[in-house]
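What follows is a set of structures to go through.
Shared between the two complexes below is chain A, which pairs with chain B and chain C, respectively.
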Partner chain A sequence: MANKLLDALSSVGHRMSSSMRLINYYWQRTKRNKLAVFGLAFIVFLVALAIVGPFFTADPTAVNFDEKEIPPIGFTTQQSMYDIASNTFTTKEVNGTWKHPLGTDSKGSDMMAMIVSGARVSLLVGLIATGIAIILGTIIGVLSAYMGGWVDNALMRFTDIVMTFPFFLLLVLVVFIFGPSLAFIVLAIGLTGWTGTARLLRSESLSIRTREFVTAAKALGATDGRVVFRHLIPNAISLIIIIATLSIPGVILAEAALSFIGLGDPTVPSWGVILESGQHTLDTAWWIAVEPGIMLFLTVLAFNFLGDGLRDAFDPKSNV
Partner chain B sequence: MGKSWLRDYVIKRLIYSIIIAWGILTITFILVRIGPSSPADKYLANIAARGADPVQATAAIEARYGLDKPIYVQYFNYMGNLFRGNWGWSFSTSMPVIELIKTHWIYSFQLILLSSLFAAILGMLIGIYSAVRQYSRMDYTFTFLSFIGISIPNFWLGIMLILFFSVNLGLFKTYYDTTLPLFSLDNLKALILPVITLGTGMLAGYVRYTRSAMLDNLKKPFVTTARSKGLPERTVIGKHVFRNALLPLVTIIMFDLGSIVFGGAYLTEIVFGIPGLGQISFNAIFANDYPVVVAVTLIGTFIVLLVNLATDISYTYLDPRIRYG
Partner chain C sequence: MKNDIVLKVSDLKTYFFTRRGTVKAVNGVDFELERGECLCLVGESGCGKTVTALSILRLFDSPPGKIVDGQISFDSLDLAKCSSAEMRRIRGKDIAIVFQEAQSALNPVLTIGNQITEQIKLHLPLDHTRTVERAIMMLGDVGIPSPASVMSYYPHQLSGGMKQRVLIAMSLSCDPKILIADEPTTAVDVTIKAQILDIFRELKVKRQMSAIFITHDLAVVAEIGDRAVVMYGGKDVETAPVSEIISRPKHPYTQGLIDCLPDSSRSKNRLMSIPGTTPNPMDMPPGCAFHPRCPRAMKICRQQEPTKTSISDGHSVSCHLYT
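Right, the complex of A and B next:
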C-alpha cells in the first residue's frame, strides 16, 4: 500500500519535474523574442490591473455632471456652458486634475475607473470565451480524427457549414436573437469560434495517431480514452496553447465590436461600450474614445506578439 | 483523360455547396425559432406601441407569417420563400427586405472592392520586398508595422482618422455624404478614410501572408535552377517565385473575406455612416426588425459560399498540377 502510494507520488513528481523542464526550455526559447517578452509583460500587468485595480479606483458608474468631460492630466479644453439666468453661452477653460488622471466622460464618471473595470471585462471575456471555443474545438477535432468514418464526415461537414458563416455576422445574429447579456455574449463567441481549432486539432490528431508510440500504447492494451488523454492531447498541447494565445485578441475585439454596435451588455462598462459613447463627443471630448481604444489596441498587440513568439518557440524546425 | 474529370469535379463541388447552403438555412431557422422571443413578438411590440389590440394583433401576425402552422410546414415555407426571393417584410423601413438590399448593397460593394484592391496590391508589393530583403532593416520595420496593422481595432482606427483628419484638420467630412453620385471623384475622396479603416488590417495580413509564402518558395530548387540559367532576378522573383506563392495567397485572401472583411466592413460603415448592408443591419437591430438582420447575415454567408466555390473551381485553371478525382 505504502509502496503504491510512493510509486504514485514519484510518478507525479517525475511528471512535474519533466514538465517544469519543458516549460523552462520553451521559456528560454520564447525569451529570445523581445516582442514576445514585451507582450507577456503587458499581459501580466493587465491581469494585475484587472484583479487589484478596482479596489483602488473610484466607482466607475458614479455620475457627477459638475465634473463632466474633464480632460486627462496635462490637457486643457474649452467647455461652453449654458447659463439660464442670463440666457447666454459662456466659455470656460477646464484643466486636467489629479483627481481624474485620465479625465471624465460625458456623465462625469472617472475614466481611469472605467478603463480598469473594462480591463476586467475584456480579459474575462477573452479567457472564458477562448476556453469554451478551444475545448469544444479540441473535442470535435479529436473525436473526428479518432472515430473516422461517418462521424468524421458528419462533424467535418458541420464544421464547414459553421465556418462558412462570416464570424462577426453570425455573432451579431446570435446575440441579436438571444439578447445581450455578458454571459450570453461569452457563450456565443465560444460556440461560434471553435471551427478553426477543430480543423487543426483533427489534422494534428490524424498525424499523431499514426506514430509508433501510439501503436505501442495500443499494443500494450491502452484503451481509446487513455490514448486520447495520455498521448493525443499532451502531444497537441503546444498547438492548443498557440491557438489559444492567437484567438484571445480576436475574441476581445469581437466583444468590443459588439458593444460598439449596441449589442454589448449595457450594465457592464466594457472598453467597447466606453468607445461607443466617446464616438459622439469627438469634437468636445476626444479622450473618451481614444483611451479605451489604446488599451484595446495594446492588449491585442501584446497577445499577438506573445502568440507569434510562442509559435516560433514551439516549432522545433525554427532556430530562434 | 480529357475534360471529363473537370466536369465531374465541378458537379461534385456544386452538390457540396448546395448541401452547405441547406445547412446554413437550417441553422438560421433553428436559431430564430429557439430564440427567447419569436420574430412575431418583436413585430408585435412594434404594433402594440402604436395602439393595436395585442391579442388580435398576435393572431393576425401568426396567420400572416404562418406561425400558427406546424413547425415542419413553417420550415418548408421558410426555405421555399427564401429560394423564391421572398425575404420578408422590413417593417421599420416599410419595404420588402429584398428591395432594401437592392438599394443598399452597392455601398458595401464599393467599400469592400476598393479596400481589397488597396490592401492586396500594396500588401503583395510590400510582402515581396520584405521576403526578398529578408532580415534587412526595412523587413523588420514592415514586420513590426504589420503587427500593429493586425492588432489595431478597425472601428477605433476609423474614429481616430475622423478625429485627426476631419475634426482637427477639417480635410474630410465627418460623415459619408450619401447624395454624391457613385462614380465621381468626390465620392472617391469621401471613401479615402473608410478604405484606410477597412484596408489597414487586410493590408497587414496580406504583407505577412505574402512574405511567408514568398519565403517558402525562395528556397526551392527550381529557383536555383532559374538563377543558374542566368535569368534576371526580376524574372526569377516575379515569374517563378511569386507565381507559385500566389496560389496559397489566394486561398487565404478568400478565407479572409468571411472572417475579417465582412465584419470589418460592417463596423466601418457604422463609423462613417455609409448606408451599406452593415448599416441597415445596425439600424434594424435597434428597430427589432428581424428579417433584415437575418437577411444581411445570410447574404454575407452566401457570398462566402459562392466565393469558396469559385476559388475551388478556378484552382483547376490556375494550377494545372491540380487534379481532383
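Right, the complex of A and C next:
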C-alpha cells in the first residue's frame, strides 16, 4: 500500500518535471489576460510579504500606550487627552510618522507589522483549509464517479446533507465547543467546504471515465487505483487548479467574517481580527479597520482575477 | 491438420440489462483461435463483433453488461468466470487489444513514453533503463522514425497513423500470446491502412502470434486473414478459411456481403446492397435473425433457428438451406 502511494507520488513528480512545456503554454495563454497577471503579481507579492515580511517589521504584539492611534503617514488627527494635573481635557494634533508608516492601533501596536503578520495568517488559513477541502472533494467526487452504483448514491447524498448544513452555524458551534482556536476554525472550514468540489469533480470524472483511454488502460491490466491516479485525476487537474484558486478567497473571507463577529482566535492577528478590533474606533481611528479591509479586498480580487484567467487559459474552447 | 488451440470461445452470450430492456449483444458465439493464425471477425455495425472482443477481456461496463452463458477457455482458465485479479494479470500480458480510435485511446496528458512504459513496468520484471530500452525498441519495430524522441511527445503531437502505431507498439510490448485488434484500420486513410496491415503481416511471420482481427472490411480480411467468422445479430453464421469465404460463400448474408464489394469487371452496374438494416438487438426476429432481409428465406426460417452444419473441413454455416 505504502509502496503504491510512493509510486503514485513519484509518477506525479516525474510528470511535473516533464510538463514544463505545458506549463509554459498555459502561462502564455494566461499572460494575455492583464487582470489575471495583476492578480498573480499581487499574490506573489503577498506570499513574499507573508514569508519574509515579519523579519523586517516591528513586533506586532508590542504594546505602547504613549503611541496609540497614530494615523498613517500623511494624515493628521485630533486626539483628546485627559490631563490629571489640571483636571481638563486637552486636544492634541497627531501626525503620521515614518516610525509607523501605517499608523498604530488603540494599543499602540504597529499597524504595518500587524498587516504583515496578518497576511501570513490569512494566506495560511486560505491555503490549508482549501487544501483540505480540495483533497476531500477530489477523493469523494472521483470515487463516486468511478465506483458508480450504491457508492455513488451514498456519497452524493452525504454531500447533499453536508451542503444543506448551515455552515456558519457549524463554525459558531465549533468555536463554542473548542474555544476560538484557529486550528479548529481552519479544520471546520476545510471539512465543510469540499461539497462543491466533489460535485464538479464527479461530473468531470464521469465524462473522463467513458473516454477510451480509460478502457485502454484497463486493457493493459491497470488496477483501479492506477486508473484513478494516473488517468482520471491528471485529466481533471486543470479543473482542480481552478476550483482551488477560486475557493481560497472564500475561505479567507469566511475566517475574516468569523473574526469580525468576535469568534476569531484573538491570539493570532489575522486580518479579520484586526478589522474587528478597529470597528469600535471607526470615528477616531478609521485606519485600524480600513487597512486590513483594503488588504482583504485586494487579496480576494487578486485570487478571483487569477482564477478567471486560469479558467479561460485551461478552456480549450476559449480563444484568449 | 489441427494446430493447437490457444483460445476457444463456446456459446458465449453477453447481454446488457438496461432499463429499456435486455440487449442481447452477443447471443451464442463459437470459435477457436489456433496458434499463429489471424482470425477475422466480420460483420456489420452492431452485429456483436466488438462486444465479443470486449467479452474476452471482460472490459465492458458491468453492470449493465454480463456474460450470461458460455466459456472462454484460455490456458486452462475460463475467462468468463475467473476472478478480476486473474483477469488483470492476463490483460496486456497474455491478451492485448488495439482499439479503433487511436486518438481517444491515448491519454492526452501523459507522454507516449509514460504510457508505453507503464504497461511494461506492470507486467515484466525489468528495471527502469531496460524498460525504456524495450519501449524504444517496440516503437522502432512498428516503424516509428526516431522512436527515442517520440517517447517524450504528447499524443496530440503525432499524426493519426503514428498514434495507431504507438497503440500497436503498446499492446505488443509484453509479448502477448493473443492480440485482438478492433477495427485498427477504420479510422485511418488508405496509405496508413496499408502500412498497418503490413505491420500485422510482419508480426504474424516474425512472432508467430495469434490475432483476432475485427473488421467490417472484406478487403482487409482477404489481405491478412487466415480464417474468418462472419457474425450477424450476435451470432456466428459462417466460419471458414478466408479463401473459401471469398470464393464459395454459403450463407446468404455472406454472399450478400461479397456482392456488396465494388467489382471493376462489372463497373457499369449499380453497387449491390443488402436490403434492410441490422435487427434491433432488443427485439430480434424469431427463427433465423437474418430472415427478414434474406433473399432466399423459407417458411422454416421464420420459425426455427438454424443449427451449425459442416459443409467441408473447417467450413461450417448456420442456415436452413444446408440442413
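Observations, loosely collected:
In this section, the second predicted complex is superposed on the first by the 300 of 320 C-alpha atoms of A that agree within 3 Å, B and C clash if a C-alpha of one lies under 4 Å from a C-alpha of the other, contacts with A are read in each partner's own complex, and residues count from 1 in each chain.
In this section, a contact is a pair of C-beta atoms (placed from the backbone, for glycine too) under 8 Å apart; a residue touches a chain by one contact, two chains touch by 3 or more.
Everything quoted here is computed from the prediction, not taken from an experiment.
In the superposition on chain A, contact is made by A:G149 with chain C only, not with chain B. Judged by the touch definition given at the top, the superposed model places A:P234 against chain C, while chain B stays out of reach.
Applying the stated contact rule after C-alpha superposition, one finds that A:K218 touches chain C and leaves chain B untouched. Between chain B and chain C, B contacts the larger number of chain A residues.
Shared-chain residue A:G74: touches no atom of chain B or chain C. Listing the residues of chain C that touch chain A in their complex gives 57, 59, 63, 88-93, 96-97, 99, 101, 104-111, 114, 118-119, 122-123, 152, 154, 167, 170-171. Looking at the complex, you find that chain B touches chain A at residues 19-20, 23-24, 27-28, 31-32, 35-36, 144, 147-148, 150-153, 155-156, 159-160, 162-163, 167, 174, 257-259, 262-263, 266-267, 270-271, 281-282, 285-286, 293-294, 296-297, 300-301, 304-305, 308. Contact residues of chain A toward chain B in the complex are 35, 157-158, 160-170, 172-174, 176-179, 249, 253, 256-257, 260-263, 275, 278-279, 282-283, 286, 289-290, 293, 296-297, 300-301, 304-305, 308. Against chain C, in their complex, chain A makes its touches with residues 11, 14-15, 18, 22, 149, 211-213, 215-223, 226, 230-231, 234-235, 237.
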